[in-house]
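Take a look at the following structure, please.
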Amino acid sequence: MPDPAAAAPGWALHPDRALPADPVTRPVARQILEATAHLPIVSMHGHVDAGVLARDEAFGDPASLLVVPDHYLVRMLVSQGVPHDALGVPRRDGGAVESDPREIWRTFAAHWHLFRGTPTRFWLEHVLVEVLGVTERLSAATADAAYDTVAERLREPGFRPLALLDRFGIEIIATTDPASADLADHADLATRGWGERVVPTFRPDAVLHVDRPGWADDVALLGERAGVPVGSYRDFLRALETRRWAFVEAGARATDHGHLLADTTPMSETDASAVFASALRGDVDPAAARAFSAHMLFEMARMSTQDGLVMQLHPGALRDHDPHVMASRGHDVGYDIPVATEYVHALRPLLTAFGHHPGLRLVVFTLDEDTFSRELAPLAGVYPALRLGAPWWFLDSPDGMRRFREAVTDTAGFANTTGFVDDTRAFLSIPARHDLSRRIDAGFLARLVVEHRLDLDEALETAVDLAYGLPRRAYARHEPDGTPHPS
Amino acid sequence: MPDPAAAAPGWALHPDRALPADPVTRPVARQILEATAHLPIVSMHGHVDAGVLARDEAFGDPASLLVVPDHYLVRMLVSQGVPHDALGVPRRDGGAVESDPREIWRTFAAHWHLFRGTPTRFWLEHVLVEVLGVTERLSAATADAAYDTVAERLREPGFRPLALLDRFGIEIIATTDPASADLADHADLATRGWGERVVPTFRPDAVLHVDRPGWADDVALLGERAGVPVGSYRDFLRALETRRWAFVEAGARATDHGHLLADTTPMSETDASAVFASALRGDVDPAAARAFSAHMLFEMARMSTQDGLVMQLHPGALRDHDPHVMASRGHDVGYDIPVATEYVHALRPLLTAFGHHPGLRLVVFTLDEDTFSRELAPLAGVYPALRLGAPWWFLDSPDGMRRFREAVTDTAGFANTTGFVDDTRAFLSIPARHDLSRRIDAGFLARLVVEHRLDLDEALETAVDLAYGLPRRAYARHEPDGTPHPS
Amino acid sequence: MPDPAAAAPGWALHPDRALPADPVTRPVARQILEATAHLPIVSMHGHVDAGVLARDEAFGDPASLLVVPDHYLVRMLVSQGVPHDALGVPRRDGGAVESDPREIWRTFAAHWHLFRGTPTRFWLEHVLVEVLGVTERLSAATADAAYDTVAERLREPGFRPLALLDRFGIEIIATTDPASADLADHADLATRGWGERVVPTFRPDAVLHVDRPGWADDVALLGERAGVPVGSYRDFLRALETRRWAFVEAGARATDHGHLLADTTPMSETDASAVFASALRGDVDPAAARAFSAHMLFEMARMSTQDGLVMQLHPGALRDHDPHVMASRGHDVGYDIPVATEYVHALRPLLTAFGHHPGLRLVVFTLDEDTFSRELAPLAGVYPALRLGAPWWFLDSPDGMRRFREAVTDTAGFANTTGFVDDTRAFLSIPARHDLSRRIDAGFLARLVVEHRLDLDEALETAVDLAYGLPRRAYARHEPDGTPHPS
C-alpha cells in the first residue's frame, strides 16, 4: 500500500496521481500513461493572448500571473467571503483595489485548503511544484517563500513565453481572436518562424449578436479590416468571408462560437437582411436578435464548407449572472453559469444541411453533462461532420473527464471525440491540463483492459490517438471535398 | 495480475469479462455469475421477424445477417465517413449500392477499431468468437478468413433459426407485430409445437398516430383483419379490442408503444371521436394528432386492465433526425436520436386512473438516463402497476447498465424492475446481451456484498431473479383481478 | 478477502460497511472514518415532533414507531402490492385499517427482501441491530421474535426520547414548526434545560401559498399568534417578522421552505398587496399564487438578512401525485415525486439582491441530481451567501451521496456544502444516517488520497469538518454584518 502521507514533508507530485488505485488496474494504467506522457502538446483551443507570445517578455509578478486573471480561482475565494478587492480584481470605475501582489498572494495562499478536491488544486499544484519549483505545500505560513520562489523563477529567460512553448513541448497553440483582429502579432510571430506553432482562431461572437452593446461599432471595424464597408446584410456576409480567408492565410484552423443556445435555424435572406438593417438603425428586438444569432451559426457552417475552417460551438453559459458584479468588474470574473442546453432540435437544421458534407467539421462542447449520453453521443455517433469536444469548463476535472468517457464512448466511440482540448487562459497550466487528461484516459482505458473489454495493444494505440492523433486530425482545415489541408 | 495481452494471439472471450477488476470484488462477482450463467433466456421484447423463425431457413451471407441490418453498427461507420452505399444499405429509389457481401464485410472489418469501448464490440465479439467460431481478431487482414468461417457456419443445419433457440437456451422469445398482422407465422409455429416459445407482441403505433403517412390505409387494414369496418372512433376502439384478443389467443403477453412523448392525457369521447373523424377525412392538425396519441395510450392502459396484456411504453426517440437520409434510405438506419423526456406529469393521468389496478402492468423504458433517479425510480417505487424496463437503446452498455442499477435501486429496489429485456433485431446477439447483463448485475451485486450492504445469499437469490424470475413475472399476462395468467 | 456470508448466522453490522472494498482504498477509508465515528451529531433539519421530546414518554409499539409513519418504507411495500390498509396507514374517513401492530410488523418483516440495495435497508438494519438489539435477520420466520425484542426495548427508560439524545450523541436537534406554532413544547424543554439542544425551525409554507386549502385560516392563526391582526399585505409581513423573532427567541437557527419551483422573482409591493387582498377575499388565480410564492421567497431572504435566520430551500417535489390516495390517506404517504428543477434563472433575483449580503446564508437542497454539476455547484462556487445542502430525499443513499461529492466538489469544493443534514422523521434512524454519511465521505476522501489528489492530513481535517464543523457553521444564525451569533 502506498503511504499517502509520504508526500507531506516536501511538496512533490506523485507519479501515480489521478490513476485508479486498485492494485489490478493501476499497473495497467501506468503502462498506458507511459505511452503518452512524453507526446507533444496540441493546444487547439485556448485564450492565451497572441501579444504575450509576440512580445515574449518576462511574465509579471506571481499574483498577476496566477491569481488575478484565473476566474476558477477567484470565484472560489469569493464564494467563501474574500472580496474581489482583496484579490486585486480591477474595478471598472478605477476605484482602489489591492495592488500589492504579495498581499494578494498571501490571501490566496491562506485559502489553499478551499481547493481540496478541485481541478484547480490539481493544476496549480502541478504549476507550482513541477513548473515553478515550489517545495513546501502552500499555506499562510509558506506564502512568502513560495512567492519569492515563483517571482525569481519568472525572471529567468527560460520562463519567457516562447521558451515555455519549448519547455512544455507545445507543438502548436491556437489563440482566440475577434473577427476584426488585425492579426499583427501573428504576422510578427510568423516572420520570426513561429507561424506554424502559434495560430489564430476566428471568433466572431461580437458581430453575430446584434443586441450586444457596441455591436454597430464592431461591425464597422469588421468592415474596415475586411476592406468591405458594411451597409447591408450582403456586405456583412462578404466582410465575414473576407476576414475568414484572412485568418486562413494567417494559419487559422478553426472558428469559435459562444452562444447561449445551440439553435442553428436559418432565416430567409430577406428576413436576415431586415433584422440586420433594423439593427444597424439601432432598432433591435430581442427575439429577432436570438433568431439572427441562430441563423448566423448556420451561415458559419456554410462558410466552413467553403474555407474549411473547423467550426467550434460551445453553447449553454448564462454570462454575467450577477448584473451588479458585471457593472463593477466586467465580464469573465467567475459569474458565467451553465444552463440546461438542448442539442437535438437545435442542431438539426445545421446537421440536416451540412452534417454529411465532407468539408465541414463541427466540434461541439457542452457545460451540461446531462446531454452526454442522451443527445451528444447519439448525434456524434452518426453524423460524419460532428465531433465532441473535450469535457470543458466546470467538467475538466478528474471525475468530470471520467464521466465523459463513461457516458460518451458507448455510442460515439473514441474516434468521434476530438481528444483533449485544454481551453485555458492560464498559460502555465497547459501542461498540467494535458497531463491530467492523459492520466484520466489512461485510467479509463486500463479499466476496459482489466475488464477484458479491450486488448492492451488497442488501449495503447487509443491512448496515443486521444492525446495526439485525434486533436491533430480534428483540427485540420479541410478542402471542400474533405481532403485535410496539409499543415 | 491478469495478463491482459494474453488473449491477443488467438481470439477468445475471457471468462471474467465485464466483471469488476479489483481483487476483492471479482471473486464474489464470479460466484454470483455462476448462479445465473446457465439459466434459460427469457427474451420478451425483440424485433426478430416471426417469418424468419417460421420459415426456419439458413441465414444468408455474413454481411446481410450481421452488418447491413444492424443500425448500431451502420451508424458508427457512417459517422466516420463510410457511405451507406458501401455498407449495402438499400436505397428507396432502387439505386445501386454495394451488393457483394464480401466487400461489405471487408469494409466493416477494416473499421473494427471504431467499436473499441462500445457495447457493439462486446456483442459482436461474443457472436463472432463464441457463436460462430472466428479465431482471429477482426481487421482488414483477417476479414476474408472470418467471412469464410462465418459463411460456412451459417450453412450448417445447427445454425438455422429454430435450432439456435435451443442452442442459445431461449425459453421464450417475443416478436413485435403490427396491430393488423395476420399472425400466420405464429399460427404456423404453434401448429408445429413452438407456440409457447415464440409469441407475438401487439404494436399498434401505426394506427395510433393519425398524422402518420398511410394512417388511413393502416386503419382500414386493421378493420379488415378485425372484421370490424372502421367508420368511426367507436369502431376503431372495437377493432383494437378485437385484435388485442386475437393476439392474446395467439399467445401474446404484451403490447408495445413507441411514442415521442410519454403523455397519457385522456380526451373526452366526443373530442376523440371528432379528431378521429377529421383524420379519416384527411384533415389532421398536428396538435390534435399529438393529443390523440396521448389519449390512445390511456385507452391502451384501460384495455390492458381488461385483457391483461402487459403494456410496454418507450418514449423519447426523435425518429429520422435527418430528413434527407429518411427520404433516401427509410426508417431505422441509425438516425433516431433521444430527447429529454418528462414522465412525472406525463404518466400522471394513466397512473391516477390505473396505477393501483391489479390487472395492469405498465413497463416503462427510457432513453433519457437523467430521469432514472429523479422520476422513474420514485414513480416505480410507489405505483404497484409500474415496472421499469431494462436500460435500453444507447444505454444497454456495461456502464449504462451499471448506472441504471446505481441510480434506480435506491428508490425502486430490484423488484420494481423487469430484469433484463434485450430489445434487438440481431438474433445471433441475444445470448451476448443476456450474458452482458448478467455480468453487470453480478458486478453490481458483488459490490453490495463486499461493501457489506447485502449478504451473499441475498445477492445470489437476487441475481437469479434479475436474470430469470423477474422477466417471467413481469411479462405474465394478468386477469383483471391481478391473477397471473398461467402460461 | 472478507467472507461476506460470515454475518449471516447472527445479525451484525460489519465495521467496514459502505466503505470502498478495494484493498488499497479501504484501509485509508477506515482511518478517516475513525476520525469522525465518535463525533457528536448535529441534526439541523428534521421532522421529529417537539411534543415527543417534551412529553418524553416511552415510544409506542414497534409498528407505529418504525413502520406506519415511514413513507420510504410504506411506498416500497405499496409498490409491490401491499395495500395501505394492511400497513395501518389511517384513512381520512376513519374507515377500518389493520390495527394490530404485530400483524403490521409481520407484513413488513415478510417483505424485508424488497429493501435489498436501498438506503432504507441500511438505516433499518442499523436501527434494529445496533439500537434495538435484534439478533436475527428479519423475515416472516423471525418477525415475532424481532417484534418482541423491539417492544421490550422500547419500554426501557433508556429508550425514552430525551435519553436517546444522549445515547445517540445528538448535540443539537432542530424540529420543524409551522409559522403559527405556539412553541410551547420548546418553552417547556427550555425550562428543563434542553433549550440549547432542541431548537425550532420556522416553516411558513402554509401561509406563503395563497392557493392552499385553509390558507385564510392559517393566516388568521398566524396573526393571532403574532398579536398582529392580518387585514393587509403589510400586516402579513409584520406578522411574519414578529413570528420569526419569536422563533429566534426560542432558539431557532433557520427557516425552511418547500416550494414546487425555486423561483424567487419579487413583485412590486402594489402587486403583492393586490394578490394578497384578493386571496383574502377568496379569489385566487393560480398564476398569481405561484408568483406570490416566488415573491415571498425573496421576502424571506430579505428578512433573513435582518434577523439572521439561515434560509433553507428545497424545491422540486410534486406533492401528492395520486389525488385518490391524497383524498383517502392525506399527505406524506409516499406520493411526492421529484420533477426537473431549474435554479440558474430561478435564484437569480434573490442572489442578485442578497447573494453577497454578509447577513444571508441560503442553503439549497435538490431532488434533481442532474443539477449538481450544471447549476448548483457553479452557483454555490461563487455566491458567498449560498451553500449546498446534503443530498436529500431519494438521494440520501450510499451511491447518491457519493455521486453528490463527485459532481459537486470540482466546482464548489467542500466548504460550500453544509456537511451532512439528515432530514428525517424517523428519530431512531438519526445515528444510522449520520453514520452512513460519514462512511461515504470517508470513502470519497480516501479515494482522493490514494489517487494522490489530497494528502491524508487534509482528508482527515476535511472529514471532521463535513461531519461536524460545517453543519455547525452553516446553521449559525448571523448578525446582519455577517458575524455568527454565539450559541
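Letters are used for the chains, namely A, B and C, taken in the order the chains are written, and counting of residues starts over at 1 for each.
As a working rule, a residue touches a chain if its C-beta (ideal position, glycine included) is under 8 Å from a C-beta of that chain, and two chains touch if they have at least 3 such contacts.
The shown structure was predicted, so the numbers you read here are calculated from the model rather than taken from an experiment.
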Only C-alpha atoms count here: how many degrees separate chain B from chain C in terms of the superposing rotation, rounded to the nearest 5? 120
Interface composition of copies chain A and chain C: same or different, split at half: different
Could you please state the distance in Å, as a whole number, between where the Cα atoms of chain A are centred and where those of chain C are centred? 40
Contacts with two or more other chains, residues of chain B listed in rising order: 22-23, 370
Tell me, which parts of chain C touch chain B in their complex? 1-2, 4-5, 7-8, 13-14, 16-23, 75-76, 78-81, 113-119, 121-122, 137, 318, 321-324, 334-335, 337-340, 367-370, 394-395, 397-400, 403
List the residues on chain C that touch chain A in their complex, please. 22-25, 27-28, 342, 344-345, 348, 351-352, 355-356, 358, 370, 373-375, 377-384, 386, 405-407, 409-416, 447-458, 461-462, 482
